[in-house]
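Chain naming follows the written order as A, B, C, D, E and F, and within any one chain the residues start at number 1.
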Amino acid sequence: MSDEMDMEEGGVIKKFMFVNRKAPYGTIYALEGLEVVLISAAFEQDVSMAFIDDGVYELKKGQDTKELGQKNFSPTYRALEGYDIEKLYVERESMEARGLTEDDLLVDVIVMDRAELAAKLDEQDVLISF
Amino acid sequence: MLHIVNKSPYERNSLESCLRLASKGSAVLLIEDGVYGATKGGSFEGKVLAAMADVKVYALAPDLSARGMADRVLDGVSVVDYGGFVDLVAEHTNCQSWL
Amino acid sequence: MKIGVLVNEGPYTHEASDSAYNFVKAAIEKGHEIYRVFFYHDGVNNSTRLTEPPRDDRNIVTRWSELAKAHNLDMVVCIAAAQRRGIMDENEAKRQGKDANNIAEGFRISGLGQLVEAGIQCDRLVTFGD
Amino acid sequence: MSDEMDMEEGGVIKKFMFVNRKAPYGTIYALEGLEVVLISAAFEQDVSMAFIDDGVYELKKGQDTKELGQKNFSPTYRALEGYDIEKLYVERESMEARGLTEDDLLVDVIVMDRAELAAKLDEQDVLISF
Amino acid sequence: MLHIVNKSPYERNSLESCLRLASKGSAVLLIEDGVYGATKGGSFEGKVLAAMADVKVYALAPDLSARGMADRVLDGVSVVDYGGFVDLVAEHTNCQSWL
Amino acid sequence: MKIGVLVNEGPYTHEASDSAYNFVKAAIEKGHEIYRVFFYHDGVNNSTRLTEPPRDDRNIVTRWSELAKAHNLDMVVCIAAAQRRGIMDENEAKRQGKDANNIAEGFRISGLGQLVEAGIQCDRLVTFGD
């Protein structure tokens, strides 16, 4: 990946993609994954997130964890824009297999079919998967 | 017998295996990420609807709400809280968690 | 009714410990007897007093300790699983030549026989895991 | 399940079934599951094991963990007979889906189709799943 | 790009998702329980064989041996050791683990 | 080549830590530089010195410590993940008012930024998890 780096202000800018494939609350990966994404914003890299498989459930509107007793971290996805993390790619096939549409998601996303998303994965320098 | 499934049917094979091995008249309780199996519109819906001819399906309310899925539960699925979970355990002579 | 509970995953990473806790609380409220909560596999990691979760999150370990105190729960941590994962009480630490221990209040370390015995004594045994 | 208990020599004999659904080595559940099974032998219960889904891989002949650096625990399945644990049920559908036959297994088992095994599950007093 | 899959295709959806999203010319390395995806005779075999028209499939030898599956690797799958794993990482500009 | 490694699961329960260890050893033998091994999620549980596995099994924690010593590896444990799971060094224990610490030799606790920085600095980042 070192061949494809851009340089700016003397620093390296790499394409980081955080790949989310797990549903929220059943495991901690979605939450702790978000923590890495937020930290990455401080490094001025070219950051994107992909939501594949059950990862699309992370973005479902209307999450209410009061009865469960865990913290509802879904509002954080809406805060990502403030960190200049705006490239949220959702795989169309994953969304449709779960009966979800863009209207079900709590934040604006870029919906891509599998071929488009596959191309996006290919062009990354660093992929971190949760 | 009470079968407990805690994984999404889109991620793992546990709900599918549970339905394959649940005798007629059994109860299947979906908890944690398992509750996605009790929701409408996904590609697994047909399998659950077909299974409901033979088994009674329950889903845990706090897990549905946490995931924003409380308003799209399949018709015929009974939604229970933790107290209902306890009652299901008590009412059935044995239980198996499909981990 | 006499109910035994088996917890197979550690705190936070999987929902198992949350589900077990909520189940145990509800069972007690319904008037059932919780004969024993047995912690196996990574479940032993629920019993370390060294956790310090974020202030806006639940404290899974102390929540178990408090429930045990309030209702005189027998919370047993499997010794073999605990040794593999670094859970020690004072006796075990001494026996193994360790310079520290980390077990939290309300948990006791014992053998796997306690799980089988719970299966024999209880009317129901409910397992929570990954 | 208390309705169905047998009594013998003043003690309770329950039907315990250990349900194995995980492949070996990728996770510890098969190994730590075996540890419970061995302990259960000391309690003189009516113990059986079921191998379903990837659990059938636990019984595959020819396991060799030298290069991997983990302990090969597959010989333990052959030792179960010495503990009077002889009811090893394998689901035919799981075996066939993985391209395995009884000849591939390192120990004698009772192969059952899904309906037979479902009936076996139903008649247990205690089911512990790994 | 190198895709790494560590779960059995019979238990989880990760190999299936990987194959769905791997571009033509990618490499797919099967490790841990993922090596079952590289073996003959199972119901997933057809999907892997079909995928091998577009992607190159590798499987990790120590994980195959541990599971007693070293002698039933699909034709066309390349078996590598940990050194070969390192080489695959070095040869491809990026890698993704399908956890 | 400069390689970073991310370990997301604890010792014994998942093979992730074994795979990462074997990969790191092979990479060093091939002449690559391991820039950092970062432990996240349950991966932080690899860093407790209180484990005491059976004598006939590998000791995952000390194996990492020894590899780090022999090759001057930078092994970083995520502080936020460590706090949730009860991994403490002397400083952290003091800061959090804990009466014990459990970190093993060769590991240091630091922030998530160290993971992102490894992604920037390394030619490759390889993730091992569940």
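One rule holds in what follows: a contact is a pair of C-beta atoms (placed from the backbone, for glycine too) under 8 Å apart; a residue touches a chain by one contact, two chains touch by 3 or more.
Values in this document were obtained by computation on a predicted structure and should not be read as measured data.
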Touching both chain E and chain F we find A, D
Compute the centre of every chain as the mean of its C-alpha atoms, then state which one is farthest from the centre of chain E.
-> C
Is the contact between copies chain C and chain F built from the same residues on both sides or from different ones, judged by whether over half of the numbers are shared?
-> same
Please flag the chain sitting at the greatest distance from chain B, going by CA centroids.
-> F
Set D-E beside A-F; more C-beta pairs touch across D-E
Chain centre separation (chain D, chain F; CA means) in Å = 34
Can you check how far apart chain C and chain D are, centre to centre, with Cα atoms defining each centre and the answer in Å?
-> 25
Junction residues of chain A - those touching two or more other chains = 1, 25-29, 53, 68-70, 125-127, 129
At least two other chains touched by the same residue of chain B: list those residues.
-> 6, 10-11, 13, 32-33, 62-63, 81, 94-95, 97, 99
Multi-chain contact sites of chain F, meaning residues that touch two or more partners = 12-13, 15, 22, 41, 80, 124-125, 127, 129
All chain pairs satisfying the touch rule are A-B, A-C, A-E, A-F, B-C, B-D, B-E, C-D, C-F, D-E, D-F, E-F
Inside the complex, what are the residues of chain B that reach chain C?
-> 4, 6, 31-33, 62-63, 81-83, 85-87, 89-90, 94-95, 97, 99
Report the residues of chain D in contact with chain C in the complex, numbered from low to high.
-> 1-2, 12, 14, 16, 28-29, 32, 35-36, 39-40, 42-43, 45, 125-129
Residue ranges of chain B in contact with chain A within the complex = 6-8, 10-11, 32-33, 36, 39-43, 45, 61-63, 65-72, 81
Taking the complex as given, what residues does chain B use to touch chain D?
-> 1, 13-14, 17, 20-23, 26, 93-99
Residue ranges of chain D in contact with chain F within the complex = 25-28, 68-71
